[in-house]
């Protein structure tokens, strides 16, 4: 399998997405974002194993949905094969099960992790987090795999995670982090950012006590449609900050 | 309707207000601030649809109080019409009902949102937040409009919001954000900033438990008068940081 | 009354103290720090009314302990009189009652304010906050002056505040902020910073619940002696950051 | 005793570790990190007494495990002896008792201190904090030494602290801070950083209430092995930020 040619601007956007999620405080020295190949839905693009702050277009690799590396989409065949992320199986597993998903972001931001540890469900605290209103499942790797190293490092683990995600936009990984998926790259970045912000808001609201008038499912669907339509305004700003 | 000429310094102050609220952590990639036209009280000025960090004097548009665009106040007639913010109706609704209001700021800062979700009223935790002591109402868009996309995108929604604001300085929007109004632009910025800071203080005080000796109404009125008289010292510093 | 000559390095240190407290997140657009005149204990030095981030040696004024301005200690007589801070009475009141106090800092940092609103006493959560172990009184301006604008704007208010401070290192002002005093300028800055940090630690510890093994009075006295002796290492670093 | 020659790159890494822990928000104006001498396991390397943000390779001193200074490992004999940290006894005590420990970091980061004050044990909230799953003991200096100044300023105090650490990776010091140890320098830095982050996560999770599905011991061991094997990716990024 050889890599296909991909428009350089696409690779640059994907690399920018990685740096944006660092700049916005969602990624730290770890975290990765991927996108489905624009012309081959049976392939996806993702950085080689690298701190997300350092990713550039030249670091993007191409993979089959089984997570086999196909080289660099922008580099001549024969160039030395870089080391991929072990957790590419998290991405591949989702692309296999969810034809509607075009981009996937995975990180370990601090405000999100508590909701994977306790029984309180994550909720959509405001319109920017509307995509959470449909529900946020939690994946506990112990349920299928017992005591592990927590890493999504195999096709089996990736498939189990994709099962747990179901048709939702965000999944929490117990004692690990979150996954956000979307029908385009800017929206996956938007959802990763506002998963974190909404988690912070909910943690603060919880200290006040009492019932919480978060978005219901219908409000969530309607507000999410607006967000998807207007994400460009935020995306342009975020990109500008990391270029 | 054509735009009127406005002193360039006024437009620059309004644009600076937008960037100040980003710099001070109140606005993120969204949020907008407006002011009543200095010579025509039946018009108001507000940026075109743009991330607040990027707003300059050239982005300011003029609107009737019904929110019809009248072009740029600093650009020759005939220049291409930019895209206004959908939520200008939030601003217009308030200018129509509150002759005393000269400036309006609207954002979604994280510490404020919890108080629109739960039953705990927002209080004036210290002198800088004195304008909160008169009470902070919450506008729940469901009460009049049922399940919506949350956006204040029509004259009807703007009017309902202005009704909920009444004669107060700050209004919370359930699952959305806040509005701060003031008799001048620097004071609207000041109030937006200290609404956020006071919310943070109240959230922290709540974790300690027990009654809270916040400002009462009379203290609030007296301290607010001092704040309005001395806001210039803060305003000059904040502006300097974003010029 | 004319200003006395003061070594320029002293004025620069006092101005640096103001900027350090901004840089360390204790002061925002407000807050002020003063010191007793090095050669005339019946005078004190303090910036003119100015955002603390902007203070330089040229902004320092000299005052009697009654808070009458005596001009600039580094500027020829006859130079135009700048506007002093209204709240200089907070400083003057303390210098009158506490011969041991050489420097005073006053600000409104967010983590400290909750402890002036509720009944939970502030405690010394770790060795850097040792000066809190002797106890932190709260001054409620209502007790003597009824409903006010909260500002310490008169000799009477300054004296009442100094009474409430007693022989302690830190005083909280209800719905307002804090005062930290020390036997030298670097230590007043140190105490202002670690009053804020310790408040944050205590707020976080409170969310865990149960008894708190903070420093007792004897540990506080012993650890404070070490802090006073070694403050230079922190002071040099902090100063370097704002020069 | 004279200092041995040490590869300059080793000294630079140790100095970088100090600055990294400032950059990552673990150290403030205080905190220190040390490492065992690469060729002489009966010696260790540690900065002279200096704010950690300012440490360079030239500031590194060499000590016997009894904490006697042996001069600079990169400077000719006879150069003037700098002032060591008083708390080198904390480091020396650990190197004496734990042959497996190659690096030690000690700081006072705000989120960690609460867990040394209350009865809630610190837990491993996610895979990056796996090294906490084996348990985090608390050292209360009062138990052996009564009311002190809290400082680990003698061989006796250092030995008692090392006893309390036992075979664990992290120890909390009541009303003081934490110690993190590791089999190499990058891992000690990693552990110091994620002790702080995990403490923040646990504090936030605690506000939600209910049981917490943190890592168990077996998961912790497995995830820690991965962390130790992959720490280089984070270390290179962190170092790049402070060079």
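Should a chain be cited, it is by its letter among A, B, C and D, assigned in written order, with residues numbered from 1 in that chain.
Following the convention adopted for this analysis, contacts are C-beta pairs under 8 Å (C-beta built on N, C-alpha and C of every residue); 3 or more make two chains touch, one makes a residue touch a chain.
Just so we're clear, the structure is a prediction, and the values are computed from it rather than from any experiment.
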Quiz prompt | Least hop count linking subunit A to subunit C through chains in contact | solution = 2
Self-check item: Distance-maximising chain from subunit C - centres being C-alpha averages
Solution: A
Self-check item: Copies subunit C and subunit D touch via same or different residues, half shared test
Solution: different
Exercise. Please work out the Cα centroid separation of subunit A and subunit B, and write it as a whole number of Å.
Key: 33
Exercise. Let me have the rounded angstrom distance from the C-alpha centre of subunit B over to the C-alpha centre of subunit D, please.
Key: 47
Practice problem: Can you tell me which residues of subunit A touch two or more of the remaining chains? | Solution: 207
Quiz prompt | Set of all touching chain pairs, with the criterion as stated earlier | solution = A-B, A-D, B-C, C-D
Self-check item: Residue numbers on subunit B that touch subunit C, as the complex places them
Solution: 124-128, 130, 197, 200-201, 204-205, 207-216, 218-219, 222-223, 225-226, 233-234, 236-238, 240
Practice problem: Would you tell me which residues of subunit D are touching subunit C in their complex? | Solution: 28-30, 49-51, 53-54, 108, 110-111, 113-120, 140, 142, 147-151, 174-177, 203, 206-207
